[in-house]
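Reviewing the structure listed below.
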Amino acid sequence: MKIKLIMASASKELYEELYESRMELAQNDVEIVSVQPKQGFGSLESAYDEALTVPYIIQEATLAEKEGFDAVVLDCAADPGLRAIKEKLTIPVVGSGEASYLTAMTVSAKFSIIAVLEQSVRLMEENIQKYGFSSRLASVRSADVPVLDLKNHEAALEAICRTAKKAIEEDGAQSIVLGCTGMKKLCAEVEKELGVPVIEPLSCAVQMAAGLVRMQLKTSKAAYPEPIEKDWLSYINKSYRYDRR
Amino acid sequence: MKIKLIMASASKELYEELYESRMELAQNDVEIVSVQPKQGFGSLESAYDEALTVPYIIQEATLAEKEGFDAVVLDCAADPGLRAIKEKLTIPVVGSGEASYLTAMTVSAKFSIIAVLEQSVRLMEENIQKYGFSSRLASVRSADVPVLDLKNHEAALEAICRTAKKAIEEDGAQSIVLGCTGMKKLCAEVEKELGVPVIEPLSCAVQMAAGLVRMQLKTSKAAYPEPIEKDWLSYINKSYRYDRR
Amino acid sequence: MKIKLIMASASKELYEELYESRMELAQNDVEIVSVQPKQGFGSLESAYDEALTVPYIIQEATLAEKEGFDAVVLDCAADPGLRAIKEKLTIPVVGSGEASYLTAMTVSAKFSIIAVLEQSVRLMEENIQKYGFSSRLASVRSADVPVLDLKNHEAALEAICRTAKKAIEEDGAQSIVLGCTGMKKLCAEVEKELGVPVIEPLSCAVQMAAGLVRMQLKTSKAAYPEPIEKDWLSYINKSYRYDRR
Amino acid sequence: MKIKLIMASASKELYEELYESRMELAQNDVEIVSVQPKQGFGSLESAYDEALTVPYIIQEATLAEKEGFDAVVLDCAADPGLRAIKEKLTIPVVGSGEASYLTAMTVSAKFSIIAVLEQSVRLMEENIQKYGFSSRLASVRSADVPVLDLKNHEAALEAICRTAKKAIEEDGAQSIVLGCTGMKKLCAEVEKELGVPVIEPLSCAVQMAAGLVRMQLKTSKAAYPEPIEKDWLSYINKSYRYDRR
Amino acid sequence: MKIKLIMASASKELYEELYESRMELAQNDVEIVSVQPKQGFGSLESAYDEALTVPYIIQEATLAEKEGFDAVVLDCAADPGLRAIKEKLTIPVVGSGEASYLTAMTVSAKFSIIAVLEQSVRLMEENIQKYGFSSRLASVRSADVPVLDLKNHEAALEAICRTAKKAIEEDGAQSIVLGCTGMKKLCAEVEKELGVPVIEPLSCAVQMAAGLVRMQLKTSKAAYPEPIEKDWLSYINKSYRYDRR
Amino acid sequence: MKIKLIMASASKELYEELYESRMELAQNDVEIVSVQPKQGFGSLESAYDEALTVPYIIQEATLAEKEGFDAVVLDCAADPGLRAIKEKLTIPVVGSGEASYLTAMTVSAKFSIIAVLEQSVRLMEENIQKYGFSSRLASVRSADVPVLDLKNHEAALEAICRTAKKAIEEDGAQSIVLGCTGMKKLCAEVEKELGVPVIEPLSCAVQMAAGLVRMQLKTSKAAYPEPIEKDWLSYINKSYRYDRR
């Protein structure tokens, strides 16, 4: 089966850096293609970043179905555009955040999310509330490492371990979900340090998507009905605009 | 004070049609300016429609602050881009859906939302869950009237009354929230028919926004931190694209 | 429009002291009349205080309708008698506590209430649970300043700021609701100190009530049905009493 | 031990009628004294009725402690003044509604309350929400029998059975709580008809109160702190009243 | 009436040690018989311990009905096999944990459970979630005293008081539920130290069970339907086993 | 990798009948071994059935780890003994019910479970409450087909489709979870009939378990601590038994 991973970041450097880790997800019957939106920020760290990038993520997702992919995975823990894409496609669509929470609930009763920035904390708290998982969440804490600084391995490792320890000791977390899909390399090291499962969202999403394809399960159109087709209206180069009074 | 209403619809016809009802919201110390996004669909009826339109709504909202407005109101019951815009602006931002739920909870214990289409039902259920108001929601029901067909007054009135009656009798609704900001004219008639308060979202949002301005309350930046400025990367006309393997 | 504010306190001194701040709420189309119950305690700080005072608050509320008022506002953050008064009247009724929570949820995701006394903490926690807003509440904390000591401006300011800071840092509050309607003067100073919105309940209630009047929305009688009229039986001066066995 | 039952009704007729059923609750080590408030309505069927009666219920409860009672039971399924009385007394206080819900949750997973009037439905829904038992409630339904008409045994029985059957079949109720303490005689008959446990609130409250006394458990003053003593201010016969502007 | 208490521990020593405290529960019309499962561990401290012991607890419970008992009480705060036994019997069945939570909610708004071991913390958190009481739980904390070490009175007292104080001060507990039925002797001392009600689960269960018997209430078979009779299949001494591939 | 499936049924006939469907789950890197408990009922349809069978399921699970399996899957939608087995093992353990709910929440917002018997309805409602997924559950409905009658393909298909349609139309289900792992053959047919995803629990559990093994994720011992080893005490053939008084 062919799964298309769509990154939220439009940074070529980040793409190159993470490329090998994406390719390693191709196992058994799973082929992986990793793409980026044609436009976007280097990183997605707020609802604002998300809102501006989502149309380009949807563009790639819509293409995926035509290109013959079996499933789409959103390569970002904030699940940007997840509902819109589930509406638009008929093949399975899995968000990395979504899949990581489901996995955390299988291996523990309460989990914490370690976000990269204070800003994305609220974004993920809102997602957890929206998905109805609040009773299983211990906390969302920020490690205060901007996505693009994750390259500094030592500093990132230290910050994440320190934050996750607080989540375990003060909030009662029994497993840790990383709040960004760019931290796979850190995973094993953090887990060794903490002694509880450390969950990498993108891997969860690929396993979940592959499972759905193998079980021939598709997104429920009763839950996510296909958008009605309609014209796109544009006045960009025209002078028409109402702001009277 | 000056409040900028931003419609989700990009339809000029709808704009013209609703113009008078927007201007009537200018009372006392409140000046109203109503605008549309520079691009968009004629109506917003799904998460997909919302995702594609939101960047242009944000564009108008960002302008609002520079133009000297005191508050921004989203003129759409789906609250498109609400979190992103609250992050981006420092002036108060109120969504019509959000304001209508708060109002419904003041005048009743349980309310129902009458959505225009089956599709927007899910969208609003998700918003209610996200806002944490599930225990006060009786139901979301669809009247099955596409936004642009609301012009047919008689048919729309009949469909909404019939659906709202079910919400009252079968689901225990004690007040009715209209799930679209284009139905103000119907409001009084529906209320007369039903005998319970019928809530028009845009009016609620304008009252709420004006109240915030008068109380000099702004959006909490601890809740909605300002997005970090970063470069917008674009490869639209370049050949650079990774989809190897 | 004319709005009647009904204080919970029967203290003439407090009335005099707060009079100017009540009159400032008369803006635009809003006329304000502020009254006190004919009997009561100097302050309402427990369910016991509330229970004994409520009949006299209801008395003033019932009069309001006959006196031609357009709305009633309960000038107390504990919302004393709110349900009973919503049942009794046909004009809109807004509680200061109720309105402040709705406002806090517009400007932030999570709010804390700073109660004046440990005792009122439980009262407000119970209200939040009753209104179904628990998932949006960060905490209720007591500043340990009796209502009638709020006159000591410096001490009150210090106590409230210290308590609110804990709510922000330890409980994750993103906005602060003052748990008493007698602290308006402190509001701006506390907000300046804390950097998050500080919400004064009475102002919220007046804005909300005025909004309801402008939108011609009334309390749902499906939610708050009118009490059936019946005789009041009194044996005060009679010897009739059963406590046999 | 001596338990004081405080009725919410001030009707002498109802008192006489229910007297025997109260005295039957005196078993083993339990002595029962049943009293009425010195003023009140013939029945308590709304929050308004409750608010006006509560001061007189509190009066009897306060006396109870001085009279040497071991516990107080509120003889009304709406738990009028429960929090206030728990604050005021140091001996155990049990509400009939409260005790009946706890009992229903012991004998079943989901229960329904059969209220006497549509009006009390909301009152009880609000209590369930306040106590945090919503996930165990199947429904509150009204049998539409005013308290004082319960005397018509046949009609009351038929109405309650019909309503309870709907609760069982349509709402999934597995036990039935009677929403009024004046229906003990009906209990066994309704249970026989329905085949699920039918719970009489006052009996539950007496058992619960007696159990607390035997275990020497008192109300937590950390939960229900004693009200601070203060002066009662009265301007009834004076001309002092502020309603300027 | 005759109530059968079924311990979860199979330790003869513990039985002897606790015997007097069980017999003291026989008051008024209540006769007590205390038994142990025919097989089991010395203590029940995990779901694993529980799963292996439950069949032997069920055996004693099933016998109880034939032996003419009026009610069964599970003498263990983890409520081992509660649902299964409620299904199997027609006489009332009360779990000590279950009864203690209901009692705690009568005397306070928020309670904490002091478990004996870290391990049983999760067990009790899961029970609270299952019963739907999460909004009333302040916390479950472990005193880190294995059940069989409770004999060391001084050390146990100190550990429980220290842990309970944290629950009160840091988690907002207003009453304390002991998370083991073997600590009755400690109860009064802990309560004296803490100043909030300290609840002994077994006493609560006996009071609750006796109350149900007096009120002639049985477990709802709509909630806990009687298990369909079927053959027990055993291959213990046969060679039949499938694990091919 | 090697995954051990442990059936809850001890029926040899059912084992033979379902054998092929279990072996089909071996795909790619997944080897499947399917076993039954050495003792048990022919089917597990109540908490009572579950309680008696669980020790023998645990026995097989404990063996699994020694036999070198990589994961254990409980081949029963009621998740019998799930917590106990998660405590006991260090390899991943997945319940079929648990995995099916997580999968249903990926493909839809609200799901219904179609139980085979009225009795198992309560069992599954309790599991959903325990897992914290109530806000995503539309309903649990019984198709009234005993597990061992599932052989009658036509009748079972008809009953399940009829029940699932009610769940979709009346309860708002957007996907259907089969409440038994013996219905795989029906799955595709039911899905075709209904037009929404129909989820087979055992397949979900195998996919989930295989995913955990591939990601090297184990059960959190902070959530499910290993049981303390202790002696098993048995008095089966001895005369020692306490039931005095």
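First chain written, first letter: the chains are A, B, C, D, E and F, and each begins at residue 1.
Note that a contact is a pair of C-beta atoms (placed from the backbone, for glycine too) under 8 Å apart; a residue touches a chain by one contact, two chains touch by 3 or more.
It should be emphasised that the depicted structure is a prediction, and the values quoted were computed from it without experimental measurement.
Visitor: Mind listing the chains that sit against chain A and also against chain E?
Guide: Expected: C, F.
Visitor: Nearest whole angstrom, what separates the Cα centre of chain B from the Cα centre of chain C?
Guide: Roughly 29 Å, centre to centre.
Visitor: How far is the middle of chain D from the middle of chain F, if each middle is the mean of its Cα atoms, in Å?
Guide: 43
Visitor: Report, in whole Å, the distance between the mean C-alpha point of chain C and the mean C-alpha point of chain F.
Guide: Once rounded, the distance between the two centres reads 52 Å.
Visitor: Which residues of chain F are in contact with two or more other chains?
Guide: If we look for residues of chain F contacting two or more partner chains, we find 109, 122, 126, 129, 132, 135, 223-224.
Visitor: Can you name every chain pair that touches?
Guide: Those chain pairs which touch are A-B, A-C, A-E, A-F, B-C, B-D, B-F, C-D, C-E, D-E, D-F, E-F.
Visitor: Residues of chain A touching chain C in their complex?
Guide: Per the touch definition, chain A meets chain C at residues 122, 125-126, 129, 134.
Visitor: Taking the touch rule as given, give the residues of chain A at its contact with chain E in the complex, in rising order.
Guide: Within the complex, chain A touches chain E at residues 109, 135.
Visitor: What residues of chain F sit close enough to touch chain E in their complex?
Guide: Those in contact with chain E are residues 10-12, 15, 19, 23, 26, 31-36, 38-43, 45-52, 54-55, 58, 81, 83-85, 87-88, 117-119, 122-123, 126, 129-130, 132, 146, 223-225, 227-228, 230-236, 240-245.
Visitor: Which stretch or stretches of chain E touch chain D in the complex?
Guide: Chain E residues touching chain D: 27-29, 92, 94, 98-99, 102-103, 105-110, 131-133, 135-136, 168, 173-175, 195-197, 199-200, 203-204, 207-208, 210-212, 214-215, 217-224.
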